[in-house]
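Each of the next two complexes has chain A plus one other chain: chain B in the first, chain C in the second.
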Partner chain A sequence: MTALIETVEQAKGNPEFLNALTALLFQMADDDFILAYRGSEWLGLAPHIEEDVAFSSMSQDTMGHAVLFYELLEDLGVGRADDLAQLRDPQDFRNALLVERPNGTGHYVENPRYDWAYAVVRWYFYGLFKQARLEALSNSSFKPLVLVSQKMMKEQRYHVMHWQVWIAQLANSNEEARTRITNAVDRVWEDLGSLFAYGSHGAEFVKQGLIESEDALKQRFEEKAKKAFAMCNFDWKGLPQAPAQTGRDGQHTQDLIDAVNTLSEVYRLDPSAAW
Partner chain B sequence: MSQDKAKTPFDVYEVFSQRSSTSPFIHQFSLLAPNHEVAMSMARENFLRRDNCVNLWVVKRDDVYVLPPEERESLERLDNKAYRETKGYGDLQSKWRAHRERYEAQHGPVKKEV
Partner chain C sequence: MTQALTADIFWELLQEVKDPEIPVISMIEMGMIGKVEVEGGVVTVDVLPTFVGCPAIEIMKKNIVEKLSTVEGVQDVQVNFVFEPAWSSDRITEEGREKLATFGIAPPPKVEVGDLMDVLCPFCNSANIQMDNLFGPAACRSILYCNDCKNPFEAIKPI
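Now for the complex of A and B:
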């Protein structure tokens, strides 16, 4: 296997390694960043106040995870973390399609008609996927990445527990709740394959020992997802194929363009301002 | 539960937390939730964002038997129980110190007990 690369200096000295590492870090950073942004759009709109506070807190945590990844990229010389997050064009983002989907119809300022079941299901299964990915990084050839993923594991565990309570309660509640959850699962399943896709750099990720293979990652996820389905008394749907567009190579929707424009609007007014 | 079409009511839950493994449980605040699981899930992010927390209790307020105001008088006592008070032992530490200093003046320093 690849020898362990212990420092950013060592990584910078190996162009092939650095390219693969950069591509992987952008995928992970952008996944958390965009999903956290979608979470922030729910502010003030969650079903009850305690959940609103808890959900906002978890969106902040997730944004914090994105920051950890962007800062790793900064240490590797790719650019300033804030610039990477807010000055790139939408087609340079490497998040999966699932996380850029809107929360529902309407706009969070005017007439939001967001779907709570979709929020629960999306965050829950993304959370399980993230746990699987962090586990798949535990033997990474890049030591700083191993340390960062171990740090995130603790918070991630709490997040997953939170959504697990919601999905179990709703799925095992009354007819309306169960139907909404079922529909949400169907919608999430359409995009689920985009999470596992490594994109065009995939072979390099595995060759450089950065992360386990796509198949190994899928297997980790499948174990967790099967338990989740059983807990909700659903029949296992199996893992879907990856969609044609995954987002991993920059193929995104108008929804992402709108999101990036909104979240970067203030920063772009004056990138040199001190915050 | 399934035969009732009415919405599940939310109850008040009291949240207690423990700052470290040697601290007592302290009452934080209360929240509304439909059951213990949800209450536990909400407790952490709603009250413990800034403090350390190693353990959590949630208790339905209905399960806390509160002494009614008219019975709180029953907590008062007669003031003839000085034998229960500890003020007679207040100068114990200084007495020990005085003895120790007198002893050490004669016999040299005493090895500190672990």
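Now for the complex of A and C:
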């Protein structure tokens, strides 16, 4: 157990700690940022107007969480928060594969044939994972992370409550709804292992006391996910193995490259513009 | 004669800085001002965000800086967003709760996260209400419906 690092300045004075902390912050920031971007692509396309309001609000809150992590990176001297979000190359992103998957076929401006079941299932299980990860930060050796995780945890509960209404109703509805949710769960499960992988920095995260181990994180998630499966009347699938390739080390799909190019297009035109 | 700069002066001024999305209520009444410190001509204000992802945060910062900079002798206004203590809906003052209701927003129930239904319709005080949408136009609010006066209304989430 490492001693508690109370401030950004203290962290900056400890290169090994700073390295590990920076890597972890990028993983958390990029997960939230890219999923929030996927959420923003749904704007105007959700099944009904109230869902559109709710989904946008949650995407915005999730993006706000990403901003907070990027700002911590800025405070640590890594770079300007806006630049970190919008000027990095796609291979420098450290998000999990699950969050970069597209919403469906087509594009949000043209023929969007997005999959609502996939949106519900992905956001719900990402929500449970995020709760587990925030819990795994509650004894972090970096005090600002402890404070931030406690705050986010309260907000995240509302996100999960929202998606739970959808998944429980659809999974227990008619055959078509149940089939669609079942298929979406299968697809999410193929990528699920990408969330738990800490990548090549994993050992350092734990050594520096920043976050609990991958195994402890998985266990926290498994408890929540098993309850969710029971609520949907699904048999528990078990947790998949971590994938061989991982976004935590910069391995991504063309979908992420396209997403980063789209989301940063305007910013890159003139990074010095005031907004 | 210039007056001595004390924190009290700025607390009084902050009463005039309203929540950008709910202009009847001040940031003090929302429980969002944690601390005000004055050192020389530098005023430091700790602000507690309601939701981390609230897009109004930057506007609040700007409004605070503008308002406090009007005081003679102030050289700089620093606004820090802090999470210790974390904002909680229990921090909203009694006046704040009343003002929210007059604006058509039910004040948050004083309960744990998750128990949302325990609010009264801000228009007719009925308890015969239902949750329509957990996430309203802002992350901190939900949309409910009053089964008696048939009005939709918003409520601040307990957090």
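Definition applied: the second predicted complex is superposed on the first by the 275 of 275 C-alpha atoms of A that agree within 3 Å, B and C clash if a C-alpha of one lies under 4 Å from a C-alpha of the other, contacts with A are read in each partner's own complex, and residues count from 1 in each chain.
Methods note: a contact is a pair of C-beta atoms (placed from the backbone, for glycine too) under 8 Å apart; a residue touches a chain by one contact, two chains touch by 3 or more.
Here the structure is a predicted model, which is why all the values come from computation and not from measurement.
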Worksheet item: Do chain B and chain C fit side by side on chain A after the overlay, or clash?
Response: clash
Practice prompt. For A:128, select first, second, both or neither according to whether it touches chain B, chain C, the two together, or no partner.
Written response: neither
Practice prompt. Kindly classify A:68 by the partners it touches after superposition: chain B alone (first), chain C alone (second), both, or neither?
Written response: second
Fill in: Superposition-derived comparison: chain B or chain C, residues of chain A touched
C
Worksheet item: In the superposed arrangement, which partner chain does A:35 touch: chain B (first), chain C (second), both, or neither?
Response: neither
Worksheet item: In the superposed arrangement, does A:225 touch chain B (first), chain C (second), both or neither?
Response: neither
Practice prompt. Based on the superposed arrangement, let me know which partner A:148 touches: chain B (first), chain C (second), both, or neither?
Written response: second
Worksheet item: Touching A:174, do we find chain B (first), chain C (second), both, or neither?
Response: first
Item to complete: Could you point to the stretch of chain B, among 25-33, 79-87 or 97-105, that collides with chain C in the superposition?
Response: 25-33
Practice prompt. Name the residues of chain A shared by its contacts with chain B and its contacts with chain C.
Written response: 50-51, 53-54, 57-58, 158, 161-162, 165
Worksheet item: Where on chain B is chain A touching in the complex?
Response: 2, 5, 10, 31-35, 37-38, 41-42, 44-46, 49
Discussion item. With touch defined as at the start, can you tell me which chain C residues reach chain A in the complex?
Written reply: 51-55, 83-84, 86-87, 113-114, 132-139, 143, 157, 159
Worksheet item: Inside the complex, what are the residues of chain A that reach chain B?
Response: 48, 50-51, 53-54, 57-58, 158, 161-162, 165-166, 169, 174
Item to complete: Flag every residue of chain A that touches chain C in the complex, lowest number first.
Response: 50-51, 53-55, 57-58, 60-65, 67-68, 144, 147-148, 150-152, 154-155, 157-158, 161-162, 165
